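Letters are used for the chains, namely A, B, C, D and E, taken in the order the chains are written, and counting of residues starts over at 1 for each.
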Amino acid sequence: MRVRGIRKSFGSIEALRGVDLDLWPGECLGLVGDNAAGKSTFTKILAGTYLPDAGTIELDGKEIAYSGPAEARGYGVEMVYQDLSLCDTIDVAGNLYLGREISKGPFLDKAAMQRGAHEMLRKLEIRIPNTALKVAQLSGGQRQSIAIARSAAFDPNVLILDEPTSALAVAEVEAVLALINRLKAKGVAVVLITHRLQDLFRVCDRIAVMYEGTKVAERAIAETNLEDIVRLIVGEGHR
Amino acid sequence: MTLYTERQSGSRLRDFFESHAHVLSIAVFLIACCALFTSINDVFLSPGNLLNLLRQAAPTLIVAVAMTFVITTGGIDLSVGSIIALVNASAALLLRAGWDWPVVSVLMLMLGAVIGLFQGYFVAYQRIPAFIVTLAGLSAIRGIALVLTGGFSILIPPGLFLSIGRGTLFGIPSPALMGLAVALIGFIVLNFTVYGRHVCAVGANAEAARRVGIPARRVVASVYVWSGVAAALAALVVAARLGSGSSNAAVGTELDVIAAVVLGGTSLMGGRGTIVGTVMGALTISVISNGLILSKIDAFYTQIVTGAIILIAIWVNTRIFDQVGSVRRKS
Amino acid sequence: AGKTFALIQYNQQVSFFTDITRGAQEAAKASGDELLVFDANNSAQAQDSAFDTYIQQKVDGIIIVSVDQNGVMPAVRTASEAGIPVVAVDGVLPEGPQKAQISVDSYTAGKLIGEFYVDYVKKNMGGKVTLGSVGALNSDLQNLRQKGFDEVVNAAGVATSVGVVDGRNIQDQALAAAENLLTGNPDLQTLYATGEPALVGAVAAAESQGRTDKIKLFGWDLSAQAIAAIDQGFLVGVVQQDPFLEGKKAVEALVTLAGGGSVEKEIKVPVTIVTKENVDAFRAQFK
Amino acid sequence: MTLYTERQSGSRLRDFFESHAHVLSIAVFLIACCALFTSINDVFLSPGNLLNLLRQAAPTLIVAVAMTFVITTGGIDLSVGSIIALVNASAALLLRAGWDWPVVSVLMLMLGAVIGLFQGYFVAYQRIPAFIVTLAGLSAIRGIALVLTGGFSILIPPGLFLSIGRGTLFGIPSPALMGLAVALIGFIVLNFTVYGRHVCAVGANAEAARRVGIPARRVVASVYVWSGVAAALAALVVAARLGSGSSNAAVGTELDVIAAVVLGGTSLMGGRGTIVGTVMGALTISVISNGLILSKIDAFYTQIVTGAIILIAIWVNTRIFDQVGSVRRKS
Amino acid sequence: MRVRGIRKSFGSIEALRGVDLDLWPGECLGLVGDNAAGKSTFTKILAGTYLPDAGTIELDGKEIAYSGPAEARGYGVEMVYQDLSLCDTIDVAGNLYLGREISKGPFLDKAAMQRGAHEMLRKLEIRIPNTALKVAQLSGGQRQSIAIARSAAFDPNVLILDEPTSALAVAEVEAVLALINRLKAKGVAVVLITHRLQDLFRVCDRIAVMYEGTKVAERAIAETNLEDIVRLIVGEGHR
């Protein structure tokens, strides 16, 4: 995936001021930056949720213009949104299979989805006693787990994770990092946005730093360390 | 101190009560109303009157089932009464012009679908609030009926068409059968199909639905098509029952229909709908108006009593829900 | 000729009113004048506003079919002060500057059909029956029709009333109300309907309940359905005003006034009680 | 590559346009309507007709200002038409019984407040959806008016009371003055007072408002009191204007009022309300009905044209908003 | 503050099964536990948002029964909710002063609130260019910053922070930790829920561990270390 010159404004705020990025299969790219740097906005564009004001996205050398997230999903681009994007009044299994329901003809195969949901959650070591619970009734961390399980379940080509571990407890964070490594091994390209910088060094191959709507640096993981990244994020000494 | 025990998984029955509290309480209320009217007047429970009741409830019920879908997406359709008027008038005009009744019926359902599609397009694709689109529809569509009929009520020539409204099958009035069939279909579609799931998802979180690739706009547009078709079907029943078509039909029906849906426990915020509740909501409204007349309440008081009963029904509903549900969840 | 008149209508969903409009339009065409029609859609406020607007527009005369007889009077006065003659049709206005009143007095006509009813019951139904009514409680006029009718019937002591139900001037509401009245009173012998939607609903209810052979209907306002019911014999008598003629006379009165002439303050139009005997004369009108 | 530059802060004008797009576009639409009708008929712009227009718009405007508050909390009040009918009938009865007009006026405003409080209690403290509470009210309150009047229209004896509806001050009709005063008060309260802020907060996120200690339920209940009082004031204007009281007054007014509010750009989802928009929405509705009469549109077509115009107004509104606002924010 | 035997059920889920806790002025208590352990539910009860099914809360030795969050706020209990509880359609300054608007008579003093808002944000080193922006337009981290600034601004006695730093970038996290230490010095009792365990050791005096609706352990910071806490959370070796 090759992204060039992405721009996006909201009213008077220029959220993105021309961002370029390359992404290779089987690698994990860490995307970091101060709050409001534009990370979420940028990844939403990759996932087709926003349409950019300018810029191009190429996939396998072919330029593509998304018309929406459904299309991006068709290309195998999956995303965990910072706001999770769950349907509160629908149960856990239903949310996991949202938009990709198992069906017999036009009918939902509820039993199969409940079984599949158990399986998905088990793989990610997520403990949710009852997959028939409504998502509104779950705790913050449980909700986040479901969003992650959903995005990883259907063999994506590109997986974008926008602060996926922010509400997770220790063991669950480990499970997510393990998941990322598993997916990388399968050839999935992963974009990980996080403020837990130490996690970056455990899964990422490259780190891109954003600042006020631009990409200011990109480092291979071997060439950098935590202090360097922090300095890059804050922009100290570069002005 | 460091005693690690897992939570007991509590009573599933309690979960069941909680998640079906709305439906259960309207059921209780409906039964209470029936008991009350039975004790006042013994005609109420007579088979004749019960069939009557079903027949009268049918048009409201048919539209309310479709409206349940609309409201579950977080929308509303205020134009259903006007669609009934337009279809009912058009059907009468065509029948009088000598068209065959099956042709007319099919055409009328298509007319309902087209109107629904038109409104659904503006709601879903132009993102205009459903309240406004269908309010405009409420005015304009009845206006068209007015122009078509010139303000006259149009006699439908006797014929098979009238049995849509007046016929019986195995002793059950055909409108009642149609109402029940529509309710059954609605129940299955909303609860057991992929489409039904998408309707709920769009109502719960339209943006999330869009993000997971559900064709959110198409789903939203579609529910207005169903409410248009259902209104058209109800219009055929009304026309066949009255034996005439008029632009004056079904004035204010939208409010009855919405009341039935909300009484049944479907949330106006979207994301949660129940057809069983809607059926009982529609029956409750019919039972009240039927029961009041049987109880010989002075007609001047029926509006007051009807309003009071609706409020009390919902109030009891909320109370029971609060009791069965998490007690004092919020302070 | 060449004048502009305005007709402020009650609504256009009932044949009765539409007929007034047609009569007025025909007369205007005949005299070569322009007729503007406003549909208040049952709103007294809308009628008041329409008066204001037509006064601004300086029309040469206004015909009012009032929703609220008292509520139009201020506007009628304003119009008259502005030199615009007002003619009232149907709803009877209180004393005021209007130039003419063309209508059937609902109260008196209610008594008339009451007398017809008493007569019929005495002759054909053994002089003692049960009676139900389908009204439109929100209509002043229709309440007067009920009142006039009730007074005569009660005085004669021929009927026991089982009550009035409210059809709200909407056909399908009237149908459901009438059905409930019928099921609630399985032995009901007579039914009185005070207006067109009520009568259409009552006729359909008698048919749908299969009671056409046991019940006799009386009411107001002919329609195709009513004529069919008269033919079948269960609708006995219908008060028929002549709205077409009313509309026509209203325009003619305005034409006369505009030409400097004067008209009678009360222009009578005949009412007929339509029965099996004389229904043929009305068939053509409701085809 | 490592070039750290701050974002330019973009044009504030653009932000202004964006956040006021709804109001601006209804303003444009209103002006366009006026221009159109002026070109068709020169009476339209005459001072007499403009004053007329203001006077005609006044009752809707008064109620719409209060309704803006209700809708901003995320609620709705369907009972305002019925409250107008009840107050208008009660006022006529009391005046006919010889009561003094100032006493009657104050009593009537209090009656409106009490009805609003009753409904607000059920909405806020019993958490019954506003749609249902006020739908029950719509039925019951008009029912009371019907019982009081017996279905007849009540003549108001001549006197000072009538000048509420027909008087003028400095040549401006008193209803218009009242309407403008109410709008001004509404504007100030909604935008510049703590109470107005709490109304927005409750509509934006009721739970958040409760958590920061805003008396959320009291705020919610209060807006129904205002809509009750406003409806009562409108009822006095209508009664004085028509010189009579009737249970038939103001049928369907709730829909006009809500249309005015939503046309103006207030969101039915709550949290965002604009009085300036509401004023223009109410004027637009009056201009359309006045203009159509002047344009000599065939009466049979007015409903169609009215519906179409409302739809187009909002549609243009949405389009302009999309253009001025973030272009293609969502795909 | 002394809390005893708090229980709370939602339908069939027993969120809290009897929790006791003490809280002293000027100390920071870390509250940790697996996802769905009941941390948020427990703190919401402390803040008056939920009413407990059973149990008592004492403040300065007097038993109190909240009737709602307004009352808790009256006692000086402030909370940053996991869901932030912001009003999206209201601007930044308005959200900061929500429920405590500066007024002249009944009128809002908008200018004073804008000034005050700038001041609050400056203190917390939060960069939000325009306090007249609607909160809906802000990034995830910016929104969280506002919730924190709001809770800390009005001299609370007890401050409850439910995962306050989950969406914050490095520098902002530091600012929040510094804030906690400042407040402690002023005698405020702070409850900090977080999954970033290393942060606990920088500000907390005591750590309480919850597991499936009960409190399973409490440790003074000096007696414990990261590994110990992790073991306590997961419950390994204790069963």
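Going forward, a contact is a pair of C-beta atoms (placed from the backbone, for glycine too) under 8 Å apart; a residue touches a chain by one contact, two chains touch by 3 or more.
Since we're looking at a predicted model, the values are computed, not measured.
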item: Neighbouring chains common to subunit A and subunit B, by label; value: D, E
item: Identity of the chain that, by mean CA position, is farthest from subunit A; value: C
item: Selected pair, greater C-beta contact count between D-E and C-D; value: C-D
item: Chain centre separation (subunit B, subunit E; CA means) in Å; value: 46
item: Distance from the mean Cα position of subunit C to that of subunit A, given in whole angstrom; value: 71
item: Averaged-CA centre spacing for the pair subunit C and subunit B, given as whole angstrom; value: 34
item: Sequence positions of subunit A contacting 2 or more other chains; value: 10-11, 13, 49, 68-69
item: Overlap residues in subunit D, where contacts from two or more other chains coincide; value: 7, 9, 19, 146, 150-151, 210, 300, 302-303, 330
item: Junction residues of subunit C, two or more chains touched; value: 12, 21, 137
item: Pairs of chains, among all present, that meet the touch criterion; value: A-B, A-D, A-E, B-C, B-D, B-E, C-D, D-E
item: Of all residues in subunit B, those that touch subunit E in their complex; value: 1-12, 14-15, 18-19, 325-331
item: Subunit A contact footprint on subunit B (complex, rising order); value: 7, 9, 19, 192-197, 200-201, 203-205, 207-215, 271-272
item: Residues of subunit E defined as touching subunit B within the complex; value: 9-14, 17, 48-51, 53, 66-69, 211-214, 216-218, 232, 235, 238-239
item: Residues on subunit A engaged by subunit E in the complex (per definition of touch); value: 10-11, 13, 32-37, 40, 82-83, 127-128, 133, 137-142, 145, 163, 166-173, 195-197, 230, 233-234
item: Residue numbers on subunit E that touch subunit D, as the complex places them; value: 47, 49, 68-70, 73-74, 79, 81, 85-90, 94, 98-101, 103, 106-108, 110, 129-130, 134, 150
